[in-house]
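Okay, got some structures for you below.
Same chain, two partners: chain A is paired with chain B first, then with chain C.
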Partner chain A sequence: MQYALYVVRRLLTLVPVLLGITFVVFLLLKLIPGDPAVTLLGVHATPASVAELHKQMGLDKPLYQQYLSFLGHALQGNLGVSYQYRGVSVSSLVFGNLAPTLWLIVVGMFFAIVITVPLAMISANKPGSATDGAVRAIPLIGIGLPSFWVGVMLILLLGLKVKILPVSGFGEGFTGHVQHIILPALTIALAQLPILIRSLRASMLEVLVSDYIVTAKAKGLSRSRVMFGHALRNAGVASVTVLGVNLAYLIGSTVAVEKVFALNGVGFEMYNAILGRDLPVVQAITLIFAVLVVMVNLLTDLAHAALDPRVRLG
Partner chain B sequence: MTAPAQSGPAAPVLEAVDLHVEIPLPMGQLKAVRGVSLSVGAGEAVGLVGESGCGKSITLRALLGLLPVPARVTGGALLLDGVDVLGMAERRRQRALTDAISMVFQDSLTALNPVMRVGDQIAEVPRRRLGMSKAEAHARAIDLMDQVGIPEPEQRYRAYPHQLSGGMRQRICIAIAMSTEPRVILADEPTTALDVTIQAQVLAVIDKLRVERELGLVLVSHDLAVVSQTCSRIYVMYAGRVVEAGQSLPLLTRSEHPYTDALLRSVPDPDATVERLASIPGQPPMLVDVPPGCAFAPRCTFARDVCTADPNPPELEPVSVGGSHTTACVRHQDIDLASGAVSAFVAEKEA
Partner chain C sequence: MTTLPAPLPTFDASTIRKRSGERNITLYAGLTLFALIVLAAVFAPLLTSADPLQQNLLQARLAPGSPGHLLGTDDLGRDVLSRILYGARVDLRVGVLAVVTPLVIGSILGLLCGWWGRWFDTIVMRLVDIVVAFPFYVLVIALVFALGQGTKSIYIAISAVGWVAYCRIVRGQVLVAKEQEYALAARASGLPTWRILLRHLLPNVILQAIVYAMSDIVLSILAIVTLSYLGLGVAPPSPEWGSMIAEGQNSLLTQWYLATIPGLCVVVVGLALALIADGLVNQFNKR
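And now, the complex of A and B:
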């Protein structure tokens, strides 16, 4: 009940945030020098035809009216027409490519968590041991390596040398998607590991010296019950926030990873749109990325509140 | 062998013999506990008193085998029903100790897992260790909550620690301690964090359980009033050692160690006309580099050269022939503490 109220309250706070995002994204195009009508018609267009197009595009109206009509169209899923592919609507271009990106983020995050939790637990179980040292040191190498390079290395190693996984594209059907997403998702996960492992390890060490862990040990519970039943959930509270912040960064990094693995997702489309100066597409994808980041923050907060009942009060 | 006759004090359930605990620190070994011997029998309440940092809490943690890292037991024996558990392998020792002993902490807010419903924290032991079904464990938890005086236990079962008052939380902690069906309860300042009225209630709950279930109780406190109300025997600790031990009343009325005497003098007396509260001058010694002889000598008004002549700390010796009252003061026969010192406090107790 308390949790349901929290969810509703948290959802309401999204409204101003999302409005703000649309406004900033709308201004993005206005702030870029140059006239979109001139861009469309070419430099030899007559002033009359430019004015005519301005009228068609609504560019002759005041800024707030332009914003309201942009917002109205956006709410209906109409994000304009691509410059690059004449006549193709931006929304069909973007939403058609959303699935691979969502797969990449979700599976990448899944890998990151599945690798982080056991390693951090092993590390925190015996701090200062050789295993602890190895768990802390090895992922650090990953932080110095850019994802596009790690991606290429994974392609070389697992795709071309060992030939167990496909190296590009999104595949056909569910199994095809799963097979194709493993390498790019792993690339994304590897970049997250050093921070996630260290943060969870640090929280675990902090939690393990607290009084309630002594209480749990005094109950005579098994070591694993103390570690997983009592310590992990408390340590997870702090790490979920770190995970959320990282996930937000990760959304931006899909652009490079999708390009390396020729994954036809939104990031891949973003890359093409930037090269082709396809501003409406860039604008739409920026909007989508921003909304994704907001959603991730929302999910982080909801997970936080689900883990820690004290958060639900605030 | 025939069972011993039920005369005199029963065999102790839990006994520490010459227990030593050290904590390795950068500046050297901190000797937190320097040869403590104490025992508690079934249904018996013993008090462990002394000022902050005297080693009370760390002794308690050592009794449970849950010393904070990096402290460790460096000597002595820990007997459970007469069997030394320190020689056992770690797993077996922990099992034996946690089966027989439970602990109640000072701060119930930090002692409870903040993200787990209090009822589940009580039901955990019945469920995980006593092999009960979910429903049975739930019923057991409700029953325990009822026994420690929590009204509407069914509703409170689903509460989180932060949603309960300090008194209710400490009752939950007691219920958790009882959930293992222990024979000895170690209580580390269980009422210090509570209002005075709640203190009495919580103490009453602990004492009721002790009597009903023949529990041994080791009550750690710096509050002499609390200890004298509850405990039949008292150990007074100073600088990691027991300096005086005995039955509560003789110990409080005729203390034979200047430290106990000084502690009693510093108990505030509401009827006294003096403006300034009596206190013991100076600080307890740092236990990294322990001074020779009696550790209290530097703060003691009765100290003479003889107190520090022997580099070893003085042993406890009986105050009178055949009595259980012991003191570690080498001058106890030369000095007279009884006159005037404790009058107000004890008069109130005896009344």
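And now, the complex of A and C:
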């Protein structure tokens, strides 16, 4: 019951955020210098045809009405028509490319967790040791790692020098997808490591000095039982939030990473739309990425509240 | 949706005690490294005689270590060392300047939110929620796309997105600081609000924002490099690290160093600033 109340309250906070997001995306159109109708028709368009297109696009109405009709269309899944590929609806273009991006995000996150947990555990197990020093150096070196450059380096080392993995595209069939997603996902994971390792190590160290860990040790539990069963479970809960916030950053870096690997996802589509000055597609992708982040944050918060009763009481 | 983009090392301003004689190696190492990078960028014309834009197809694709071209030449025969040094000028300048506006705007808003609260705080915090809902790169890319390629658009885009972090940091600090005795004393003695905010609160809350600014410079350099890689940043043929990586990717098999060197430069700049940030935290914790 208490949890249900929390869920309702949390869902209500989505309304202003989603309205704000759509408004920002709508405003992108207004930021562009020049008249969109003139851009579409070319400089030799007659004033009459420009006025006609204005009417068609609703540009002759006041700003708030334009926004409301944009919002209405977006809610119905109608995100406009691509400038670049005449007549192709933006939603079919974008949703058709969603799969590789979702693969990339999920597998990338999986790699990030699989690499982070053991490193942070080893490091927090013996603070001050040489291993700990090496692990602590990762965030310092890693903070300035451009994710796309990591991708280029992985292509160079694992794709071209030691030819073990494909370096571009999304492949055919399930095994093809898996093979093709490894390098891009690893790229994204490596770029996330600095922040994740730093935060998990810090919360592990914090948890390890708490009373219940002392109790667990005093009960005579094995070292690994204490570390994984008690410490990681509690430190992990705190890191879930950090993971959620980083997922937003990770989702953003897919644009450049998909370009590096020519992976035909939403991010690569955004790159193509930028090259083709295809505003409706850029708008739609910006909106979809933001909605994705909002959903992820919602899930993180709900998971956090389910794991930790203090959150839903607060 | 209430956490910061990157976990920050925290320090407690109330425990300021000076322990003299102890050196802060991390801070000095970071400052030295950063100073060297800045000097190399500033004195680029003295360090290399090569013009970063001068093409010479007869001298194209020279390997690093070739006479006269320490880091070799690219596909068009331009000197890589000279492009790296002049590229540092662009990336560092834009990276550092892009952080100034968000720092100022975000700190002022955070100060006012924390002090006043009420409707002002509610409105600004809703704005913050909206901005952080967008993935950083996606919003910056979309804004630069709309405003048009170039450094001016990059400044505007990074400022429009970046103020959020400073606002949250300063607001949080003010909420704590305004209940402390020195702030209550200042209020009780009837000082004007602006004076309490600027002379009493600001010096106590700004340190954390400045620590964050160090990693934010790295973030904005990464944004510029990424935008240029995608063809939205600094226009070619101007030397810039991100576009150098993009050009180098085309000849990865034959000249691996063309894409490798500029990336390493970004990593080194990141290392220098991370050391400074960590050093600052140590410094304040120690005192």
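The criterion applied here is as follows: the second predicted complex is superposed on the first by the 304 of 314 C-alpha atoms of A that agree within 3 Å, B and C clash if a C-alpha of one lies under 4 Å from a C-alpha of the other, contacts with A are read in each partner's own complex, and residues count from 1 in each chain.
In the analysis below, contacts are C-beta pairs under 8 Å (C-beta built on N, C-alpha and C of every residue); 3 or more make two chains touch, one makes a residue touch a chain.
Given the structure is predicted, the values throughout are model-derived calculations rather than measurements.
J.: Is this a clash or a fit when chain B and chain C both end up on chain A?
T.: The answer is fit.
J.: Quick one: is A:His54 in contact with chain B, with chain C, with both, or with neither? Answer first, second, both or neither.
T.: A:His54: touches no partner chain.
J.: After the superposition, just quote the angle formed at chain A by chain B and chain C, using C-alpha centres and rounding to the nearest 10°.
T.: After fitting both complexes on chain A, the angle is 80 degrees.
J.: Which partner does A:Ile143 reach: the first (chain B), the second (chain C), both, or neither?
T.: second
J.: Which partner does A:Leu221 contact after superposing on A: first (chain B), second (chain C), both, neither?
T.: first
J.: I'd like to know which partner A:Thr241 touches here: chain B for first, chain C for second, both or neither.
T.: second
J.: Name the chain, either chain B or chain C, that contacts more residues of chain A.
T.: Partner with more touched residues of chain A: C.
J.: Taking the superposition on A as described, I'd like to know which of chain B and chain C A:Asp308 touches: first, second, both or neither.
T.: It touches chain B, and chain C stays clear.
J.: With the superposition applied, I'd like the minimum CA-CA separation between chain B and chain C in Å.
T.: Once the two complexes are overlaid, chain B and chain C approach no closer than 13 Å between C-alpha atoms.
J.: Contact residues on chain A for chain B in the complex?
T.: Spelled out, the residues of chain A in touch with chain B are 209-212, 214-222, 225, 229-230, 233-234, 237, 307-310.
J.: Show which residues of chain A lie in contact with chain C when the two form their complex.
T.: Contacts found on chain A: 13, 16-17, 20-21, 24-25, 28-29, 31-33, 139-149, 152-153, 155-156, 160, 195, 198-199, 202, 241-242, 244-245, 248-249, 251-253, 255-256, 259-260, 270-271, 274-275, 279, 282-283, 285-286, 289-290, 293-294, 297, 301.
J.: For the complex, give me every residue of chain C touching chain A.
T.: The contact residues of chain C facing chain A are 1, 3-7, 126-127, 129-130, 132-139, 141-143, 145-148, 215, 218, 221-222, 225-226, 229-232, 242, 245, 248-249, 252-253, 256, 259-260, 262-263, 266-271, 273-275, 278.
J.: With touch defined as at the start, can you tell me which chain B residues reach chain A in the complex?
T.: Answer in residue numbers: 61, 64, 66, 68-69, 94-95, 98-99, 101-103, 105, 107, 110-116, 124-125, 128-129, 160, 162, 173, 176-177, 179-180.
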